[in-house]
Amino acid sequence: MIPVEFQNLIAFLDIFAAVSFAATGALVASRKGLDILGFMWLGVLTGVGGGTVRDLVLDAPVFWVVNSQYLTICLITASIVYFAAPRIESRYTLVLWFDALGLAFVTVAGTAKALDYEVGALVAIIMGVTTASVGGIIRDLIGHEPSIVLKQEIYVTAAALGASTYVLVEGWNLDWLHPALAGFFVTFIVRALAMTFNWSLPGYQRPASK
Amino acid sequence: MIPVEFQNLIAFLDIFAAVSFAATGALVASRKGLDILGFMWLGVLTGVGGGTVRDLVLDAPVFWVVNSQYLTICLITASIVYFAAPRIESRYTLVLWFDALGLAFVTVAGTAKALDYEVGALVAIIMGVTTASVGGIIRDLIGHEPSIVLKQEIYVTAAALGASTYVLVEGWNLDWLHPALAGFFVTFIVRALAMTFNWSLPGYQRPASK
Amino acid sequence: MIPVEFQNLIAFLDIFAAVSFAATGALVASRKGLDILGFMWLGVLTGVGGGTVRDLVLDAPVFWVVNSQYLTICLITASIVYFAAPRIESRYTLVLWFDALGLAFVTVAGTAKALDYEVGALVAIIMGVTTASVGGIIRDLIGHEPSIVLKQEIYVTAAALGASTYVLVEGWNLDWLHPALAGFFVTFIVRALAMTFNWSLPGYQRPASK
């Protein structure tokens, strides 16, 4: 069982993550010139999409059905972006940094929730990656943008490393804070370094001789 | 609990909606020149996709697993469209009006079912919009068509207004018929006016000074 | 209830199918020049996507949460493809034949599992087709490739025929082996003939007079 203080932390992190993900959804809506309902719908789908798939697969009650404030947060965020998009777009780098924080938060929250349902280590890692990336995948599919899965930048990779770190440290039977901090910092630092130095893993190269 | 007579009405509305949604799926198949199995598969995915996601999120038994006549209806509709597509395409406006009726039906049915599972008001509205739009989103993704979410026309908006109306009127503790009628007419009339007068909400405009 | 020996057979077939589907996902990753994490993520989504949707709809525990070796298999397959892709690409025809075997396996396994949950015949057929095709649909959506649903080749059709055969023969109350063999051979032979002779069903033709 996840202790109560960690559940409270997860709930807080989830809200921060919903804000940052909903903001990236609304920014795609602004690039497509949608109306305010389009901002809201894309904001909600991006903000809660990953956690919804995680909860369905774990057979857990869907988090935003249990507690609808996640929806409220996504709708408010999308509305703010609609009216403030010019100022936000000119601060796109800031949004990317918030998104990196959100990525690190949901990776930890997704992996922790999966382990709380007593799944195996590999399943927990996949659940962390799912929570971190499925909202963005849905956003890019509906917005006709290149999927984050196809981009060379280290995004899914950061989540996979962070989730793996969480599972590894959790196996040492320390208290709940250690794996959470370790998973958070690995995800965030890997993503931050990749953003700062334009890192990418070597993509598969089709041999020239072909 | 939803009273039995309303459950019967919902079941009837669901069938009408499955027909109209499956028809729009099959018409995308006709634009892509698919074979009859392609018509059927796209008809089924469009016809039951939205309600399936609603039931999964609510942790309700999936409606077409409980009662497979929804599948039968979708398959028959898709087959009819395959053989009658030229005549149907030339009546595309008629199809759009049926689709508007279907939209109003499933918005009411989706919102009512969600409230019957005792979710909050906002969750019920999102479930109404989900039931109304996810089938079309899947259809447009697979058919490589611009998503209904990206179009400027008032479609998701009509569902959102209708679902909100339902939840509002339902809160007055009248009998079941009043919220259903109110939700239906708001959805249908908003969509009908938008179709007739080519209404659209103002899309986000990137500032010229940028 | 499915007898134990058939459950063992299904588990074995599922693993073979996960390998062949994950390989097709990884080959899309190679066409897109992704890094090794991209290969893995696309391999996992393609390898377990169809079965995941089947289990969610049936309200069954998701198979790879119960037994994470399916994930391991997909990750290993994707890694092998990453390092051996040139050799595999030059044997693309071989991959297509493995994929046809995988298609026949999961069609049988998906239909059998659905019937084990005591759904109706039509639902079981749709579940067989879902298991067989949803992984590929997700792969093509994320990889920006034309969806297998849009292609003229007989793929979904082979699965639909195989699943229908399974349900038909199962209705004769023979032992479990007969419907499994019949479903397998119908799916595989139809797909094999379609590949060999470039068969396709007649696509819908827009009338010239229009």
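Each chain gets a letter, A, B and C, in the order it is written, and its residues are counted from 1.
Simple rule for what comes next: a residue touches a chain if its C-beta (ideal position, glycine included) is under 8 Å from a C-beta of that chain, and two chains touch if they have at least 3 such contacts.
Everything quoted here is computed from the prediction, not taken from an experiment.
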Min route length, chain touch network, chain A to chain C, equals 1
Rounded to the nearest 5 degrees, the rotation mapping the CA atoms of chain A onto those of chain B is 120
Per the C-alpha means, the centres of chain B and chain C lie apart by a whole-Å value of 29
Flagged in chain B as touching 2+ other chains are 56, 141
Interface with chain C, chain A side, in the complex: residues 56-59, 119-123, 126, 129, 133, 137, 141, 146-147, 149-150, 152, 156-157, 160, 200-207, 210
Residue set of chain A touching chain B in the complex reads 29-30, 32-39, 41-42, 44, 52, 56, 61-62, 64-65, 68, 71-72, 82, 85-86, 89-90, 141-144
